Every structure is written in structure tokens, then in C-alpha cells.
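Presented below are the structures under discussion, each in the form of C-alpha cells.
Common to both upcoming complexes is chain A, partnered first by chain B, then by chain C.
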Partner chain A sequence: MTARLGWAPYALLLPSLAFLVVFFATPMVQAFALAFEGPTGGFGLTHVERMLRDASFRSALLTTLALVVLVIPIQFALAMAMALVINARLKGEGLWLYVYALPLGISELAAGIVWVSIFTQSGWLNSILMGLGITDRQIVWQSAETPWLLIGAVVIAEAWRATSIIMIILVAGLQSIPREFLEAADVYGATTWQKIRRVVLPMLRPSLQVALILRTILAFQVFATVVAIAGTGLDVLAEEAQRWATDIDNDNVAAAYAGLILLLSMVGTVLFLVLLPTREEHQA
Partner chain B sequence: MIDNRDRWRLPALLAALMLVIVACAPAPAEVSPPADETAAATDGPGPTEAADAGEVVMISSQLNPTEEQETMRNEILADFNGTVDYIGAESGPFNDQIRAQEQAGEGEISLIGGLDGEFSAFAAEGFLTDLSDVAEDLADLNISEDYLELGRLGTDQQLYIPWMQATYIMVARNEALEYLPDGADVNDLTWDQLTEWGANIQAETGERRLGFPAGEDGLWHRWFQGFGYPAFTGGVNTTFASDAAVEMWDWLTETWQYVNPQSTTYGFMQEPLQSGEVWVAWDHVARLIGALEADPEAFTAFPVPSGPEGKAFMPVIAGLAIPTTAANPEGAKALIRYLLQPETQATTLQAVSFFPVIGTDLPADLSPGLQAEADAVAAQLAADDALPALLPVGLGDQGGAYNQVFRDAFQQIVMDGQAAAGVLDSLLPDLQAVFDASGAACWFPDPESEGPCQAG
Partner chain C sequence: MTAARRQVPMPRRGAGAGRLVERALIYVAATLLALFILVPIYLIAVSAFTPRERAFDFPRSVIPSEVSTDTVLFFLNASGVVDAFWRSVIVAVITLVLALSIGAPAGYAIARYVFRGRSSYRLMVLSTRAFPIVILAIPLAVTYRVWGIDDTVIGVALMHTALALPFTVLITSSVFISVPRELEEAAQTLGCNPLQAFLRVSLPLALPGLAAAAIFTWVLSWNDVFAAVILTLRNPTLPAKILTALTQSPIYFQFAAGFVMLVPSLVVIFFIRRYLLGLWGRVVK
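Then we have the complex of A and B:
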């Protein structure tokens, strides 16, 4: 059977392979070449060193890692709850799906600007708090002098904006769990919590793995929400890469930052592949 | 001695000329909505060329914010007899696109709008064509000979034509005025009095209400380059890490406790002024006009304060140049003539608050907001201790790296609370690297240098 297929599968793979080589692999190799270019051509570490002693490097790295650590668990807890609500096939199931998926249709920057109108000193949040008599003066949420408040604002905006993509993946995963498994659990008198822990979560492992990898990679690239809400008050890696490329006009250091983001994303991916092996990987 | 006087000549003339132009602008006879005036300015036969100029691609580092780009396309360029593809660009892409076209030897860009300092780098690489014929065509508009001299960039060719000018001023909400320090004149403040003013406001209202555009899109680096450094140290680059500079940074650190902490998110100060988050702000005239136009009764525009070395401020001169590889050089020349016509210059002033560079009377009355700005600019220029500081000259693609040195210093000294002297010393090599890479000589008010400027 396979022999008769001959070259056909490879021919079908060619277009996507060509696409990946031209639009992903080549720029990636070029970016690394830029990052490790010596002062007079050849190989050198001057640009990486420049990145390391950039005034904003340390804070950008720490803030990015803090955002990853804070945002992802919140998003997973929320997405899991949302997916279970949808999968419970309540009345108006379709409505819930649309409401939850709404942020998917809004661009990152637009979401950031909407959240600015909420958090800014004369914004919605302060108006509501003052209207309710909870505070009698406008609280400055977006101040670089209270970085945790600022990170908190970004976490809320990011959680709102990017939870739905995880929910969609989890809903698909939940719907692929055969009913018989849950019915069998019912027969043995399992509680809802036991069903989630013993049946749903193990069966969801591949979906969780995909969602975690996707979300972690995206979290390392977080950009527009931070720029909109925090301005120069909070540095993240993607913002530094953009700043070096556009404002400072130094593509080499920008490429070093981009390479670092790629490296962190790869480490994250490998970590999830090792920590959350799916059944096939177990058997292998 | 003669050298020293020459050194003063150009900035002094620049300042004098701005004063004349601002003073010549007619006072408003009646208050009327700006939209009507814009329409009035473009009524009549209009400055259109006889023949269709075809398609002209124009790239500009000025009028780059989205709203200004839209105004440029829909209002300022509306009556041009031809099609203009207008591209506003940040300094990085701006330099890249022009260099890419020169290296390719051909391309779409026919007209460049930029600052004096940006053109000097292009001219040094032989990118710009001689526009002496256009300058002759425009002789009856009385563009200042000093501005045209600037546009020759030290050669005998007219490498760019002056286009429009602006500067930076202060604006306060009127309710702030009652907290002015005792005996202080809002039109002749010192930076120390500004601190006291901010302290009074905070003591009385409980809020930090001074404001600076220190956000991602803000022009905060220009405050250091054209205001803080010259006012406190009498220089910028040669005094970067001096004792006087440390005093300036100590002043800023002390003042920051009265500055709204949300300033690190502000791009244009007109918005926080209008919302009342900020009561006293410094910014570019084009980024304050929104507040002054929306409610002229609520705001006061006034000159920037003085420091120990004088009332330093930065005049901004934008120009127009044609690259040697222009696809449509004749169309670009037609567009230059169009942009310099009195009607177009008036529209530019009304629409984006960049002041004219031509000597003829303006056909339109100024709206109250613009009049307030014009008065503040005139008072700033006329101050006894006025010290005009030039925009960076000859940095080319190092302009962004130059700005970054000042922003890094701000981040480390004011935001992170590190000692100014140590931070400034540690940034000196970065500043020197900018001059070594670009070969830029020192510019006023630093003393002239043989070869690249030496940071000190």
C-alpha cells in the first residue's frame, strides 16, 4: 500500500515545507546571525553583551517571567471552569460559548486601550469605586512606583484577552472524551470532583499540553497590552526588541532580544513536553 | 571671540525670526470654530499647480502620530493637484527606507520631510538633490535667509527647503494658578519655582499634578536635550556628566515627587490636562493644542521656566528634500511649492500647530488656542535669558541611540533611585559611541568641535 503512494506524500508536503523555510527558518537563522555578528563581521558576542548591560534588560526579563508565572495558572483555572460550563450543556450553551469567545475577536492593542480607559486615573474603575463610596480619591493604578499594582493590571487585561483560546482547546478536548467513561464512573458512584480528577483531567492531558505550550510561547511575546497599560513604566522582552529595532535602530541588539525570547519559548516547550507526557510519549 | 559670536549667530537669528513670525500672526478678530477657519484658508483659487503633478510618495519623520498623518492626508494635502501617498515614519524605519532606496539606486520615495539634523546625515552621504531652482521659485514668499542657509547644510546647494517650525511650551489648568509660589510670575518662572508650585498643589489638593510626557510615545528625551541640560549646565553633550548635570538630575528627582506617577504612560500631555489628572505640563506645541482648542478658557499657556544658565528651549525646524533616486522629482517639486504656499502654511498651522516658515502675512485669524500658544512662544523667545538649543545635528541613524542614553539615565536615576553621578559616568561611553559612529560634531549650545563631539 505505502509503496504505491511513491513520491505523492512528499510532493504534498513541499508547499508547507517551502513556506516554513522561506518565512520561518530563514528569518530565524538571519536573526541569529544578526545577534551574533561581530563588530567587523564574523562571529562575536558584542551585541549579546550590549543586551545584557541594557538598563532595562534585568527588569524586562523579570517582568516577563513574572507575567508568565502569574498569568498562565489564572488563565488555566478560568479556562477549565469555562470549558466545563460549556460542556455541561446548560440551557443557552451556544450563548456561553459566544460570550466566552468574544475577546478572541479583539486585537491585542485594542484590548489594551480598552483596559487603559478602565485603569487610567480618571477612568472607569476609579469612577465606580468613588461612586460606591469605597474610596474618596482617584487611585493611580498605572504608576511605575507601584510595579505590583501595574503588573496586576496587566495580568487582569491579559487574562481577559487570552483565556478564550485555551478554553476553545479545552472544550475540543472535553468533547472528545467518550461518554461511556463518564457513565462508567457514574455507575461506580464517583462524585463530580472524582470524575474531574480521575477521568477528565487525565483524558485532557494532550489538550492541556498543547494549550500550555501555545499559551507559554504567547506569554513570552506579550507586548501590546503592556505598552498600552504601562507605557515605559514596565519593561518586557518583546517591547525591548521592538524598541531596539524601531527607536534605537539597532537590529543586532533587537535580534539578540528576539533570540532570547525564542530560547525561553523553547525551554518552556521542552519543559511541558517532559512534565506532561501524553500517553503515546509514555509508551515510547 | 569672533568664533564665539558666530556660534551664537545662528540660534539667535533663529529665535529672532520665530519671534517675528509669531508676532506677525494677526490677532483673532472674533472667536470662531477652527473648522471654519481652515475652510476659509483653503477657499478661493487655492495654491494648486497648473498641471497634474502625478503620484508623489512622501515619507516624513514629522507629522507621524496617526491623527497628524490623517490630518496631513485629508486637510493639508487636500488641494494638491496630484496624488500624494503620505507615509509617516518613526526615525528607525524612516532612515532605513531612505537608505534602502539609495542603495537600490531606485525607489518610490520622491519627497522627504524631516528635521535639519536628519538631513545633514543624508546630505553627507550624497542622497539629496540641489533645490536651488525651487528656492528661487519661492523667492516671493520671503522664506528667511537664515532658514535657507540652514537648508544648505554648509554647502553651496539648497539641499532642503524649510517647511514648518515648532517648539515646546508649558500649559497649566487655570485652577493651578492660585497655588503659584509667592511672588512668582507664571510668564517668568524658574525650574525651582515649578517644584515649589508642584509642592503647593500637592499640599493643598493631596495630588501630584505636574506632568511630563515620559510614556512610550512621549517626547521626554527632548526635555533633557533642549531644556533641562542647557538650562542647568549651559551645554548638553560636553556637560553630560558634569557637576551641574548632577544638580539637574537631583532637581528632577526632587521634583518627581510632585509629578503624577502615571506620567510614564503619557504620550501627549493634552489628554491628562483635559481630564484634570495633570494641572501643569510641558510638551510640544502640537501635543498641547488639543486641550487649548477644546477649552481655551480653562488653560494658560506660558513659557518654559529658566535654569541657572538661562531659559533654554528647543526650536524645531522641519524641511523638505528630494532624494537623488526620486521616482517623480518634478511632482515632488510641485508638492514643495504647494506646501510652502501661504494658504497651505495657514492650514498646517490650524490643523497640526506647526508654525509657518514664510514671511508673508497669514490669511487666516488664529483660533484662541493657537493664539495662546503663539503668545507663549513669543514670550519664550523674547525672554532676556532666552537660550535656544538646537536639535541634534548629524546623528543620522544614531538619533535613536542618542535619545536612549537620556531615557536610560532617567530610568536609572529618577525611577530606580540610583546616584546620578555614577549613572552618568557609566553612560558616558554609550554617548561617546553615538558620536564616534555618526561622526557628529558638537552642536549649539555645546562649543563647536573638530571631529566627533567629545562627551564629558
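Then we have the complex of A and C:
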């Protein structure tokens, strides 16, 4: 029977392969063709140069990098705390998991707006600070004059929105750690902190690696949260790509920006593969 | 996931005062983390149900003195919003149908057959996730102009399908792996052909998992804003419409918009809550 159906798996794969070639591989190649298109066709660096000379290029690159560097550690600390709480099997285990997973379905744009309602001048943060008597005036959190406050607001919004995915990956990783290992640590009188440090974290390496890579790739694409919270007060790479594609109507420079995002993601991926080798890679 | 749940709980060794304090601290941490997630959701809900003329009242009261649908209705009646809403729904449904009808057969093939090229196919699908989606939208916009499907619902849906397909393949393959193949083989010895065995035995058993995968695909599409902004102009999806309206809209419009986009996400996560760990945990491996 297997011989008779030898072609079956290939027939089942074919549509997905064809689709990915047309709508994934081809545009990926086209993006580079667009970015490196010469003035009269062929190869040229005019569009890349134009991107590099773009007035907002520097700030977009630096802001994106700052966001990645600030957001990722905060998200991992939060996700780790959530995952350990889930793994501690409190009463209503499923409910805690559901609450922590809620932001998984929330879009960047919706999350941005949620935090606008908090940071806006007559918003919740100022109302609460005033209610507690900490301040007697409305503090301006969202202003292009204070980019660090804007970055801080975006970091909090991103930490709120995109921690769930890391948490889920870590919980799945924690559940695959054999209970016997922790019980053995218990027998030898290990404290909770020692168990986390010596047993949980080393065994969680592969999950951490995957989550780090996934989150970093996504973090370089940060877009709608920034637009909602900072408006034109902050520039990020994806926003520049969108601006060149829709407002300026120059697909070449837009593609150069997109290519830069791809390049940065790849550097990030390689960095995590090298810095955080999993056990097997260690031995190899 | 169920297997993990059935595992023996940690032995409550030395359940003395130290353990109790530790337990209490974990509950405190759990509550604080839950509040961090839930309080902003509550606050946007209160913001959205505050009537327009009170939107700028300050300080705001955490317990609303007046609940009204005025702001939400204002948003829904704003020009183009309802059209954009339906466009978003249609795009998400087309994406779901396309991704599932193209991706599920591939997922089934990986789960059920051993064949040359299986692991390279899996690796290829996995590696698509290393590429930022941002890079797809711009060249596709150029291609769509050539094909004459720029600024259309189908164009956006095709892009969303490319975005969702790798997930759909991996998720459906993990769903089919969890349906024992012996059942299908038993059906075949009882006279079913492979197709019948699949339709009558595997498919019904895989249905809840497939539904979760479908819902997840739907959310991916519903939430996308970057591709939609690039690919549409006069026919935006809801997030694209809201994003381009942000700068010239009053703040209460934004609150209602944020809330309306948020609600389906919360409902969806509720429906697939049992599958969250299975969907994501296994996709990673």
C-alpha cells in the first residue's frame, strides 16, 4: 500500500510549496531586487544611499535598536516570572494561564491605543498619580520633546502585549522538565532559587533560545504600537518603510528599509545561536 | 499537554512555615502579574464606554459614574468604519479558508507519511519564521499592481495566507500526530479506502484542534496592520483604517477603536485556551 501511495505525500505538500514559492520566496527575492535596482535597471546602490541619507534614517535605526535592547530583557523577566507561577500549580491553574495569555490575540495597534488611554494627558496615569497626591498637575508623557519618555511608554506597551508568546513557549519548556530532576534537587535540600538556577534554567535553554530568536525578529518590526503612542515623535525602521512605500510612493527605498530589518533580524538570530548554544551544540 | 497535567504534583516536602510563606509570595506575584495584564484592559473598556462629552474630564474616575455606548456608536458610525470592519472580517475568513485548505494537507502529510524530503520540507517551513514579514508586503504591492489586485480584499488575504501558512502547517501536523494512525488503519482493514478512513475517522477526531488552528489563523489576519496599510489605499481593513485615521481623529474615537479591535481577540483566546500550550509548545519543537 505504501508503494501505491508513494506519490501521496508529495501531492499533499505541493499546494503549500507552490504557494510559499509565489507569495514568500519570490517577494523575498524581489525585495532585494527593488532595493539594489540601478537607476536604469541592473544593479546599483542609489536607493540604499538614499535610505542612508534619509533625514530620519539615523533616529529610526537608533530608536529601533533601543527598543529591542530595552524590551527583550523586560519581556523575558516577566515571561519567566509568569511561567514559574504557572508551573507552581496554583489553584485555578488554567485561569492564570488564560489571563497571562490574553494579550496573545491583541494586535499591536489595539495595544498601542490601550496604553494611549493611560499615558495621554488627561489619561489614567495622571488621574491615578493625582488621586494619590503624587503630582498636582497633568504630566505630559507623550511629547516629541521627551523621546525617552515615549520610548519608555512603547517599551511598557510592548512588554504588556508581547510577553505572552514567550510565556507560552517557556511554560511548554518547563513542562518537559522531568519532575524527578526537581524532586532530586529537593532531596538534596536545594532552595527554590537554587533549583531555578541549577536545574530549570539550564534545561530551559532550547526554549529560551527559540523564544529569544522569535521575539527579536518580531521586535525589529515594531510598528503600530509606536505609531499609536508616539505618532511622529519617534521614528522606527518599519514606520520608515511604510512611509516610503505609501506616502512617498518609492518602493525601492521602502524595500531597502525592509531589507535592513531582515539583515538586523538575521544578525540577531545568529547572535543568539552563538551566545546561547543548546546542549547538543555545546558537545559538537 | 494532558500528559503533563496528569503528572504527579510536586511533593509537599517539609510543608513548614517556610513553604507557606513561599506559597503566599507566589500568589502575590501571580496576582500582580495578572493585574498588569487585566487593569489596562479594564481601563480601555471604561474609556470606550465613557460618553464623548466626558472624554476629557480630569481626573478620571476608575469606577465609571456614567456608562454609555455613545462613544462606541460614534466610532462605528464614522465614515468608512463599518465597511472596513466587514472587509477585515472577509479578509480573515478568506485567509482562514486558504491557509487551512493549503496547509492542512501538508500538515497531514508530515504527520502521517515517511518520505524523502520530509525533514527538509519541515525545516523550510520552520525557517520561514526567521524572515520578518515586513519584507513581503512591499514587493507584493508592486506585483499586485501588475496583476491588477492592488487595493483588494483578495490581495490582502493572499498576503495574510503567506503569513499564516507556516503556522498552519506546523499546527495541523501536530494535531494529526495526536490522532492515532492505528484508528485509520483499522478503518481501512474494515473496508474504507484511505480517503474515507481520513474523512470518517481522523477528521472528526482532529476537528477541535483544527478549529483552534483556524481561529488562530483568523486572529493573525484580523490583527495585521502593516501589510494592510501597504497593500490597501481606498479599501482599507479595519486596523489600516484606524491607523491612517489616528492623527486626525479625536481621542475618544481612538478609545472606541482600540476597544472594538480588542474584543474579538479576548473571545478568541478564550475559545482556544485549552490548545494554547499544544499550539505553541509543539510548534517550537
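Side notes on the structure shown:
Quick note on the criterion: the second predicted complex is superposed on the first by the 264 of 284 C-alpha atoms of A that agree within 3 Å, B and C clash if a C-alpha of one lies under 4 Å from a C-alpha of the other, contacts with A are read in each partner's own complex, and residues count from 1 in each chain.
Methods note: contacts are C-beta pairs under 8 Å (C-beta built on N, C-alpha and C of every residue); 3 or more make two chains touch, one makes a residue touch a chain.
Since this is a predicted model, take the numbers as computed values, not measurements.
Taken together in the superposed arrangement on chain A, chain B and chain C clash. Within the superposed three-chain model, A:Asp247 lies in touch with chain B and out of touch with chain C [touch as defined at top].
When the shared chain is aligned, chain C comes close enough to touch A:Pro9, but chain B does not. Contacts of A:Thr46 after superposition on the shared chain: neither chain B nor chain C is touched. Judged by the touch definition given at the top, the superposed model places A:Val227 against both chain B and chain C. Comparing chain B with chain C, more residues of chain A are touched by C. Of the two partner chains, chain B is the only one that A:Gln142 touches; chain C does not reach it. Legend: residue contacts after superposition of the two complexes on their common chain; A:Thr120 is shown touching both chain B and chain C. When both complexes are aligned on chain A, the segment of chain C among 44-52, 206-214, 242-250 or 260-268 whose C-alpha atoms clash with chain B is 242-250. When the two complexes are laid over each other on chain A, chain A has residues 116, 120, 122, 138, 227, 231, 245-246 in contact with both chain B and chain C.
In the complex of the two chains, the chain C residues touching chain A come out as 1, 4, 7-11, 13, 22, 26-27, 29-30, 33-34, 36-38, 40-41, 43-44, 47, 56-62, 101-103, 105-106, 108-109, 112-113, 115, 117-118, 121, 124-125, 128-143, 158-159, 161-162, 165-166, 169, 194, 219, 222-226, 229-230, 233, 239, 242-243, 246-247, 251, 254-255, 257-258, 261-262, 264-266, 268-270, 273, 276-277, 280-282, 284. Across the complex, chain B meets chain A through its residues 90-93, 95-96, 206-207, 214-216, 218, 260-262, 264-267, 272, 275-277, 397-401, 403-404, 407-408, 411-412, 415. For chain A in complex with chain B, the residues that touch the partner chain are 55-56, 116, 120-122, 137-138, 140, 142-146, 227, 229-233, 243, 245-250. Contact residues on chain A toward chain C in their complex (touch as defined above): 5-6, 8-10, 12-13, 15-17, 19-20, 23-24, 26-28, 30-31, 33-34, 78, 81-82, 85, 88-90, 94, 96-110, 112-118, 120, 122-124, 126-128, 130-131, 138, 160, 165, 168-169, 171-173, 175-176, 179, 182-183, 186, 192, 207, 210-211, 213-214, 217-218, 220-221, 223-224, 227-228, 231, 238, 241-242, 245-246, 251, 254-255, 258-259, 261-262, 265-266, 269.
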